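There's a structure below that I have some questions on.
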Amino acid sequence: MINKRKIIAVIGGGQPSPQEVKLAEEVGRELAKQGVILVCGGLSGVMESACKGAQSEGGVTIGILPGESRQAANPYVQIPVITGIGEARNILVVKSAQAVIAIGGSYGTLSEIGHALRSGIPVIGLNTWSLSRDGQQDNSIILAQNPTEAVDKALSLIIN
Amino acid sequence: MINKRKIIAVIGGGQPSPQEVKLAEEVGRELAKQGVILVCGGLSGVMESACKGAQSEGGVTIGILPGESRQAANPYVQIPVITGIGEARNILVVKSAQAVIAIGGSYGTLSEIGHALRSGIPVIGLNTWSLSRDGQQDNSIILAQNPTEAVDKALSLIIN
Amino acid sequence: MINKRKIIAVIGGGQPSPQEVKLAEEVGRELAKQGVILVCGGLSGVMESACKGAQSEGGVTIGILPGESRQAANPYVQIPVITGIGEARNILVVKSAQAVIAIGGSYGTLSEIGHALRSGIPVIGLNTWSLSRDGQQDNSIILAQNPTEAVDKALSLIIN
Amino acid sequence: MINKRKIIAVIGGGQPSPQEVKLAEEVGRELAKQGVILVCGGLSGVMESACKGAQSEGGVTIGILPGESRQAANPYVQIPVITGIGEARNILVVKSAQAVIAIGGSYGTLSEIGHALRSGIPVIGLNTWSLSRDGQQDNSIILAQNPTEAVDKALSLIIN
């Protein structure tokens, strides 16, 4: 019997700002330092920067890809998971994680935040969406000021 | 060669307020009157109320179900589509529609809004989520004041 | 409360023989005459021929499409269901049916037969795969001699 | 830039014979010795035995799970991928692999063989299904006499 590894997802857009690139890379580095496996959507942008950071610290990176080809994974993905199910792979990215760190992002990231919150998976936000309903702020996304705080909060909130 | 039917999705929560129940039923009725097929997630709450409304006006109702059983569909679903893919069926509900009407809803509905907007499918909102990013309001969800206006806007924005 | 409609799937390859084209068209016609909704993968070949047959007798046709576009549906699909989940849509085609009729077909059809049998959904075969394991014939695929017999057997075996 | 890891799938039933249990364990050991990552459906039976074998030789094991819980993974899965998409996860198991080794198995395994062959992914068979169509044997499943031969053939046929 072995222990299953801790897994945290990094989600965010394919076209991040320069600041988001830095945030993603530092989140990746921090996860690797803490011995956590990074799971992401496997493509470019925030996903690639986070994998690059993790890789630089010897971390393990998993990319859950929408298409049919492992070649589509960014160069820092060590373990490509090929789904062929398109955008539905977003759900697998968040469900495979015990906590999710969202950095910036557009509507794809929004869908992932929705799926994570629906499943009770903690979402830590860095410069990402904020939500309200019926004129009331929804505070389910836990804000972090910087990558280290994001990773610390994610680790402290890990589920099951 | 035949014409494909117009299809509009109604999305929303499983535990709607009494007001949302009324809104959903009226949206369903209005869609049926306009000859539009209603697609939804096939379960209870907003989904059931919308189907009930459509059914009362002789409309066609499709329920795209998360589980393995057609018995799980609400009693007003005429055509159950069984997926067995769980929450990932949310994506099919919005992608099968040419426009989406969101009524209230929780995080599942939020994920559907994200998937729809990412695919360029118009989303009309009645008492639903509102979104902002970096302190800026995102106005992609088109607001409607009542069911008739929601259906009119949806029809006028139908894609492809 | 309304009755859910009977739904039977027709599965088979995209490049059928001329004989398989005829079989598919006649199966489609027969299903429509019996008031059964036809569900299929929505593309060309056996799927299109079956829809064409059903359409000629006023039947309802549903195409569960692998891609993102309703335009990809064959011209005889009235209700396109857009999945964007690629080949995984094969599972939805068979699970949405109460019985499956397989006509010819290649490895995609084989995967659908596997999924149907695993779910306990009856499979009727016309010129399709035959299976054996450990040198023993597996007789789970019910053979039919012609389209009318296939539809009759399918109807008699409908589940739930 | 790093090299992506070699990944081979082991598929087979949840209720294997004692002989199949041995075969699976030895296939797992052999894959680990060759430095290959083992991917499987993550549950019991052939999947668990293969993971146990790989684990005993220090190999990496990925389990792509149908449900919502990482606790459902067998105790030898190090990296659980949670899908929540039910049986559709079968497709991900084979697509994430560069070759597939099938041991025994029932209709779920048959569906995986269909999906693999459709995607051009080599399938090596140990005591598994054999296929024919129109009275003609289909020889796409490459037979192996023992676990070592199965792994050698799989490695020699690895795609992309």
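To keep things simple, chains are lettered A, B, C and D as they appear, and every chain counts its residues starting from 1.
Here is the rule we use: a contact is a pair of C-beta atoms (placed from the backbone, for glycine too) under 8 Å apart; a residue touches a chain by one contact, two chains touch by 3 or more.
What you are looking at is a predicted structure, and each value in this text was computed from that prediction instead of being measured.
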| item | value |
| --- | --- |
| Chain C and chain B - chains in contact with each | A, D |
| B-D compared against A-B, more contacting pairs | A-B |
| Greatest separation from chain B - chain, by CA centre | D |
| Chain centre separation in whole Å, for chain B relative to chain A (CA means) | 28 |
| Geometric centre distance via CA averages, chain D-chain B, whole Å | 39 |
| Residues of chain A whose C-beta touches two or more other chains | 68, 84-85, 87-88, 91, 119 |
| Overall pattern in which the protein chains touch one another (line/ring/star/complete/other) | complete |
| Residues of chain A defined as touching chain B within the complex | 85, 87-88, 91, 106-115, 117-119, 127-134, 140 |
| Touching residues (chain side chain C, partner chain B) in the complex | 1-2, 4-5, 7, 37, 39, 55, 62, 64, 68-71, 73, 75-85, 88, 91-92, 95-96, 98, 119, 160 |
| Partner chain B, residues of chain D touching it in the complex | 68, 84-88 |
